[in-house]
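As written, the chains take the letters A, B, C and D, and residue 1 is the first residue of each chain.
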Amino acid sequence: MSIMTTKLGKLTLDSPITVASGTFDIENFHFINQKCLGAFVCKTITRYPKKGNPTPRLYESEAGLINSIGLQNPGLDLFVHENLPMLRDKLEVPLIVSFSGSSIAEFEEIMATLETQSGIAGYELNVSCPNVDNEGIAFGVDPEVIHQLCSRLCSITRREVIVKLTPNVTDITAIALAAEAGGADSIALINTVFGMAIDWKTGRSRIKKGIGGYSGIGIKPIALALTYKAANAVKIPITAMGGIYTWEDALEFFWAGASMVALGTANFIDPLSAAKLQEGLSAFLIEHRYSMRDIIGKCIL
Amino acid sequence: MSIMTTKLGKLTLDSPITVASGTFDIENFHFINQKCLGAFVCKTITRYPKKGNPTPRLYESEAGLINSIGLQNPGLDLFVHENLPMLRDKLEVPLIVSFSGSSIAEFEEIMATLETQSGIAGYELNVSCPNVDNEGIAFGVDPEVIHQLCSRLCSITRREVIVKLTPNVTDITAIALAAEAGGADSIALINTVFGMAIDWKTGRSRIKKGIGGYSGIGIKPIALALTYKAANAVKIPITAMGGIYTWEDALEFFWAGASMVALGTANFIDPLSAAKLQEGLSAFLIEHRYSMRDIIGKCIL
Amino acid sequence: MKDTPELRSIAIYSREELCGGYFVLWIWDDELSKQCSPGQFFEIRAQASFHDAWDSQRIPKLFKPISVYDNSGGRIGFFIKNVGAGTSALARLKAGDMLELIGPLGNSFPVVSGKRVLLLSGGIGYPPLSYLQKEIINHNLIFWLHGGATQADVFPCDEVWTVDGSIGKQGMVTQGLEDVIINKKIEVLYSCGPLPMLKQASEIAFRHGVEHYTSMEAYMACGIGVCHGCAVPIGSHDDWDYLRVCKEGPVFNANDVLWSEL
Amino acid sequence: MKDTPELRSIAIYSREELCGGYFVLWIWDDELSKQCSPGQFFEIRAQASFHDAWDSQRIPKLFKPISVYDNSGGRIGFFIKNVGAGTSALARLKAGDMLELIGPLGNSFPVVSGKRVLLLSGGIGYPPLSYLQKEIINHNLIFWLHGGATQADVFPCDEVWTVDGSIGKQGMVTQGLEDVIINKKIEVLYSCGPLPMLKQASEIAFRHGVEHYTSMEAYMACGIGVCHGCAVPIGSHDDWDYLRVCKEGPVFNANDVLWSEL
């Protein structure tokens, strides 16, 4: 067992580093060795193909990125017939499939299809995308719906079930507790924060839809606070993300209670960031003779 | 009437620029002429003196400031006998008194006392401080409580009543609508966002209480999205704040629907920021022959 | 075109300064040079390590898409206008400073021969057409129309338009397009520039049955096809999709672009 | 001490480099120089305009509190250790570059005369005591104890301790404190350094009835008494308040500090 081994619910992974859905794909392995990741999380898919949001979809603010992709994806069927075989072929690390639906039944339908497929280690339920109106996020703000969703889905799979939460709620602990009670194996947080930018010269929104999802270094303090809160509320492990760029950033999240960290926007800003994180973190652990267990959740006030 | 005149509920102010409670005091007028402000908002006071939170109380992150002051203040009585006479004496712009309470009755008690005092143009009800456990923020997340609070307080004063909202809620529009329905004259937003930072070397929280309030440039996209949402929900005017440093930043908030902007963290980073904002904004308005009315809420998607 | 773009740090070999905030950065790299074709671009950035950046209180930012402007003798030139944070960081670089690059990226202009070709560029749409022109000039008859806001925004070509009339003809460059198409009996149009210009040009070219390839602009996050941030609507009215400027583009057949959705 | 500190931009007159990440920045300003007394500090920063900053992708940051280390002939010296983003921006400055300053700020050390005085400094607590020493040396008998982590962290004084024993005595400087107080019959102690050192020193000094003034450290946002971020607990066990290091401090009577709350 390596010094970097981490446990995430049903999974035991070789590295506590993964990637945030929608920010990393096979193309990124041109830059880094995929073995620096403990798992690979693919872009969220939906039951039917989604065109995505009107453009412009991106704007870089002073301290982060605002996006409004709108879950553009090929849909479940094409994913199963084209993307999945390719991923099975190329991936040397466990695959987590992220998906979203507009009803509990649709979530169930997608999972039922994915259950017939091999090469999947777990699922990330995206109940938190801020960029589509009826998908996901309506779920992510209501503890009762989350509880029901998890109960229904966890009963039809033996694979890892991760619930990805939105930061845009009054009380993240209520939602995290509902996911845990519903049987989720672990939690991922945070998805993007509602954010906006306007061209001061013209008054035009930088994003066609107005409000988008804010990610990157500017949301790190927020993600850390939510990780700390959630970790103190639930017993199931947490994959933390939100503004993590360096191994020092990652350590903050481990101390706060994360068992795993994911890189999102960092992948755009430095395509080598996952490799650098892996290197820096393992050097730190070796230097201080720490195992992951010595750090996770050991933050001192 | 100057080009910079703005209307804020019952008040007509010479400048659409003010300062965020807790970040600016008489001392700041060493650096700038107070006339660049349309109004002055004092540090939040409470019924009884408050020691404030244990230290350390501050940490500067990559893109903002995390604070945990905990509403340290001299309490209502000392404020009325010492601070208020001094403010009355020195201020040449309208005074808004910010206060907070742990019950509706306490809010009422404070306002009743302040009503006996001259030299106050309005009140800012702080129902959003993230740094005290029972004060304010418990109110700020519940539309019904906000509605009741506003109804009770607005009936006992003829002065401007501003309700200052927290960003840490699922649905800011519900809260803004409740404040409006309760009779609030205007809304101020946002107070700080829950945030945290940890020393990656030692695992020690940078802030003694763990989670603090995050402000500064990193929260600008969040504040702008909430301003836009609230402005599209209510008819009463909005004072916007959250990461505003420059006149360009201020313009984004005016386009999004703010009638007034406030500088908070910017005052620490550049003591001249209010003066520079005033200068830059008025030059922009003159150059484009805009009045404030041509800009406020005129954002285009 | 290579399927696996790499990330490289390459020293700036030389730097040229133009008026109007334009500048040219040159690198010398024989291997990269061989991989490029006209229309392709690189994601480039002034070198930014996360750790140095924190120390100097800089927040590392996205790479910026910049077209190949010139590619000869192993040297690749980037012709850049300083318009914001990313390009101003590039503008600060001197010869010898390090540039970070990903690329070459994207598809390239279809190359024609034996045709009457029109190049149409607006503002900073000039660079990719300059590279294209050098590659196809020996096999085609080329006419080049360029428009800019003012004198500083125009560069060597056959006919110049400026919005303020400070040089060349006064007006939008698209005002001159129809005449040129007719008089020069244009068969193929290559265009690059601001969206309203491309939109108008594509209407005019369509009306005259001119083959039209256009290089589109988009805000990019990844530049390698991952994020879907750089989408443009491509297809027919009842069957279209958002394709990626960085991957399926930047060059599209103008007739396939759903201009009404933009 | 002036009641209305101003914000100024002053060019760096000269710069000294020490080992261990320490450096000294000098400014020359007769007017400011006259306003300072030992114990006071400035909020300083490498010049940062909002707009330049955005262009270069830097996020403007807080001023940093730095003590007056030397004040003679109109020149004010700042003795600084590079420990993070703010001080590293200062470390990058060269002579002629602009420094932004607010100050002088805070109270100052009570000045005694005809006493047996001990100065106790740890690490970067050295600078304010150096200024104090020059001001009171002609009227008192002074002994100076200084401790640091290693050789690079010690500076001229009477007795040196290092944690790693690389120079002077090995151990925490507070280990030598009691002996010196007794042997030198110390009447007044001035201290500045890390919290644990101040805490221990205050116990020892209290036990020996030594008058003890200590200069406290705190993270600051405003530096002028507005934000209450720099609070330290001052008073007696049943009646204390958080006072501001930047306004009521940085110098406190060590017996008034509620060390247990820190």
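Assume a contact is a pair of C-beta atoms (placed from the backbone, for glycine too) under 8 Å apart; a residue touches a chain by one contact, two chains touch by 3 or more.
Because the structure is a prediction, the values reported are computed rather than measured.
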item	value
Where chain B and chain C overlap in contact partners, by chain label	A, D
Per Cα centroids, the chain farthest from chain A	D
Distance between the centres, which are taken as Cα means, of chain D and chain B, whole angstrom	34
Computed distance of Cα centres, chain D from chain A, in Å	46
Computed distance of Cα centres, chain D from chain C, in Å	56
Touching two or more other chains - residue numbers and ranges from chain D	54, 59-61, 85-86
Interface hub residues of chain B, defined as touching at least two other chains	62-63, 217
Overall pattern in which the protein chains touch one another (line/ring/star/complete/other)	complete
Interface residues, chain C side, partner chain A - complex	4-7, 48, 50-51, 54, 59-63, 85-86, 102, 218-222, 224-233, 241-242, 261-262
Partner chain C, residues of chain B touching it in the complex	62-63
Contacting residues of chain C [partner chain B, same complex]	54, 59
In the complex with chain A, residue positions of chain B that touch it	61-64, 66, 141, 168-170, 193-198, 200, 202-205, 208-211, 214, 217-222, 224-226, 228-229, 248-249, 251-252, 255-256, 295, 298-301
In the complex with chain D, residue positions of chain C that touch it	54-61, 85-86, 88-89, 92
